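Just below sit the structures, each encoded as structure tokens.
Both complexes shown next keep chain A, but they swap its partner, so chain B is in the first and chain C is in the second.
Take a look at the complex of A and B:
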């Protein structure tokens, strides 16, 4: 659907995007994740033809964005970071203008408008000036604008930024429902959001793609895998004694808890499940386990690890079996 | 293109800019028609057009300052880039909307000679010839204003720069006459012009070598031809400026001459500035 190959964008001496290569397959929700200034918006602007690339090419449905902009742009609906709204128009007028500019036939206007306004729930405000709409509604008008003409791909740049929590949930639900009929690419610097909405996550830092996979696989990438956290009613010494020489424990960290308890964080070798063994071992010694939980690596950990590894300039190697097309970049 | 055209036209007449411009032109047209034709009893409407040509100093910035500068400030230009519409269609749509707004007061002024002819013999061909030239002059200045708006990010800067540009064009012919008619003075003035052009080239291209080469080549050619035939340089600067001045071309029509070359000149100027506007907008995609 969208093929990006060796995309590079330089602003003067600053490289915003460097040798980016990825493919967007139809029918999925993709999330661009990265800290501010990572090159997410730049990449999206290049895909949608708003910016020219220094090197590399972008193909949308086989059409090169530079050489055949009309055909390529017709397949894409784009909502930039700041919704491009003419504040002196009403929402309805604005959407009609976009319909006309996108070259939709006049007889299809009403059907399209109704469909888009149903999806984004804009019927109540269609006669109000955009200048008088709240931020949430403006965002919805922006999304409605992207949906007009029924493009195959919808690209949303930070669609929930600056909205209140209720609006964020609403927009996320909208995006999920749109994902049924469209391929969606969205960007965000909020991890939970990408995790909640996207099927496939691409982590970008310093203009490079450092990981591209599903959310589950990405958390699985975390070194060491699952960790166990135990709260035991015993002293530090007793816990150390209990764990002494136990098979399968790779690493343990101890911390004193309240009221004579000790908190241990265990890392199992090869991701082995140690919970039963631990239960019986502590039971045998008469040390009550007050709490035992698995502490899975969150996407946040993966994100920090990957972006920091990238900062340090390490060449991290994380082979990917499932996608086969993962890009791992060393500095 | 139609979408952009209709949207722009709507925004001129839903806001006050369209009415402001129309009223502004008609007030001055009314005052001078009153003074020249009704009180002064001149039978020529051209004199009114001649007298009110200065309104373009204010009128053109009013119409052009918003067009691209405001799009850029509000970040709506991203929509224009993302829509499946070519940049030339966008520029054309915006330009035609401006020209349409200009056509409103011009069409109303078209009634004045007819009304005047009820009370005496009015030379209608020269009146309408001059009105057409007045309209073309305005259309030409609008293309300059549109180009300036495409290079600026806020309305005020756009308006001030357009005012300065129109002002220079307005006084270009008369200012050039201050340069002495001697051949050496003409040479120096032309060399200065080449230098200014080279500096502008440098500012936009950021390429010192090209700008320097243009300056050297231009001045070399001038000095070379001066050495070859210095007599040809006598009064050359003033006459070149007069040829280039968009306002001077218009004054010919006031004298009752229907000058087809002037119309061709206006159309070419419009084409050049619209082309430059498209290029300025395309350039932004590469250097933003």
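Take a look at the complex of A and C:
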């Protein structure tokens, strides 16, 4: 559906997107995750044809965005971060204007308007000026215009920013329902939102794609993904003794409780499942396990680890660059 | 053969897309202008000043007719009395305001609101945006100028009861068309500023400053420079007079306002036979008659083409700057 290959975008000396390559398959909801300034919006802008790329190419439904912009844009519905609407128009007038701009045939206008208004529940406000609409309704108008022309791909850039919790839930439900008929690319830095809505997550940092998989696989990939938390009715020393020399334990952290319990957090080597072994070991020693649970890594952990690792990688690269520069100077 | 057919079909689709985008945006811009409070205010301002100009002309038309009884209808546009300037003078000062008001925020307002990226991401060509804005502005200008010009003529006709001759109608048509181009030049300059400046307030200040400078101060500065280069006081004063006048006129002609006034006075006053100094040699043997319509047009042809060229140059600069800019959401 969308093929991005070796995409690079530079603003003067600053590289916003660097050699980005990914493919978006039809019929899924993709989450585009990254910290502020990671290059998400720039990538979105290039995909939607707003910005030109410095290098690389973007194909939408087989159409190169640079060579066939009209055909490529016709396949995309785009909602930028802050819904940019003509506030002196009514919602209905604005949607009719977008229908004209998208070149939808006049005989299809009524059906299209009915369809998007049903989906976004805009019927009640269609004759109201956009200036007088709440932010949630404006966002709905923005999504409605993205749906007009029935594009295969809908790109939503931070669609829930600035909305109240009830509106956020509504918009998320709307996105999920749209995902049944459209391919959706959702850019966000709200991890819970991406996890709740998306089938596939792409993490971008410093303009590079650093991970791309389902949320489950990403958390599974995480180091320490198989951590176990045990609450044992025993002293710190007893628990240490029980775990002494046990195979498969990579790391353990102990915290003594006031009620004669000890909480231990274990990291298993190679993601090995140690629950059964632990149960029998502590049972053998007569140390009752009051609680045992898997402490799976959250998407937040994955995100932080990956983006921080990328930061560290960048920092490590910089001295080399500096050294390289000195060598050139020296030469 | 097949390739040629495919290419022809693709080109046809592109032309259709281009036209559709342009027409859609043109309609929207035109509707926006016509429904805006700004348009109502500007039109009201020009309408009121036109009425004042007509009142002045009607008050002074008796004196004007006593001097010359030819081309009475044109005097509705040029005659003045009771310290009220003529319709033509009012329009020379205030028509640029209409152009500036229609263009100073054409592009940067869309950028500030974020709607530009929304437009660009639609399947329409980017240049359609600026071309549609210019064409819509031009339509509004033409609508205003012709409404005012014809309105003043109609009211004047009721008051004086003298119908215009064919030549007068032709002169008025050229005058109004020229005024449209003159106003469009200011709009194109304002649009250029709106492309180059990020904020609407900045572009508004720049175009207002340019308007004040070129309509009010440029003439004074031209006179000062001419007097410095060719002093007309003292012993060499008489010898420098012609050079001084030529330099001052040349410098003045850099101002669209002066260029416009010079052309309009020639178009609406058939007794104007030259736009430079009438020397003894040039007047010798000349017939004592009015200049015909085609001769008047020929006399101001450089002014007309220059104004058109300036308008196109300003719009082209705005177009190129706009097309080279990056638009981010």
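By our rule, the second predicted complex is superposed on the first by the 310 of 331 C-alpha atoms of A that agree within 3 Å, B and C clash if a C-alpha of one lies under 4 Å from a C-alpha of the other, contacts with A are read in each partner's own complex, and residues count from 1 in each chain.
What we mean here is this: contacts are C-beta pairs under 8 Å (C-beta built on N, C-alpha and C of every residue); 3 or more make two chains touch, one makes a residue touch a chain.
What you see is a predicted model, and the numbers here were worked out from it, not measured in a lab.
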Side-by-side fit of chain B and chain C on chain A, or clash: clash
Which superposed partner A:91 touches (first chain B, second chain C, both, neither): neither
Partner chain in contact with A:103 - chain B first, chain C second, else both or neither: both
First, second, both or neither for A:50, with chain B first and chain C second: both
Partner chain(s) touched by A:41 [first = chain B, second = chain C, both, neither]: second
Chain B versus chain C as contact partner of A:74, first or second or both or neither: both
Residues of chain A at both interfaces, chain B in one complex, chain C in the other: 45, 48-52, 69-71, 73-74, 76, 78, 80, 82, 84-88, 97-98, 100-103, 145
Chain A-facing residues of chain C, complex: 13-14, 17, 20-21, 24-25, 27-28, 32, 35, 113-125, 326-329
Partner chain C, residues of chain A touching it in the complex: 41-42, 44-45, 48-52, 69-71, 73-74, 76, 78, 80-82, 84-88, 97-98, 100-103, 145, 157
Touching residues on chain B, where the partner in the complex is chain A: 2-4, 6-7, 10-11, 14-15, 74-79, 81-86, 285-288
Touching residues (chain side chain A, partner chain B) in the complex: 11, 45, 48-52, 69-71, 73-74, 76, 78, 80, 82, 84-89, 93, 97-98, 100-103, 145
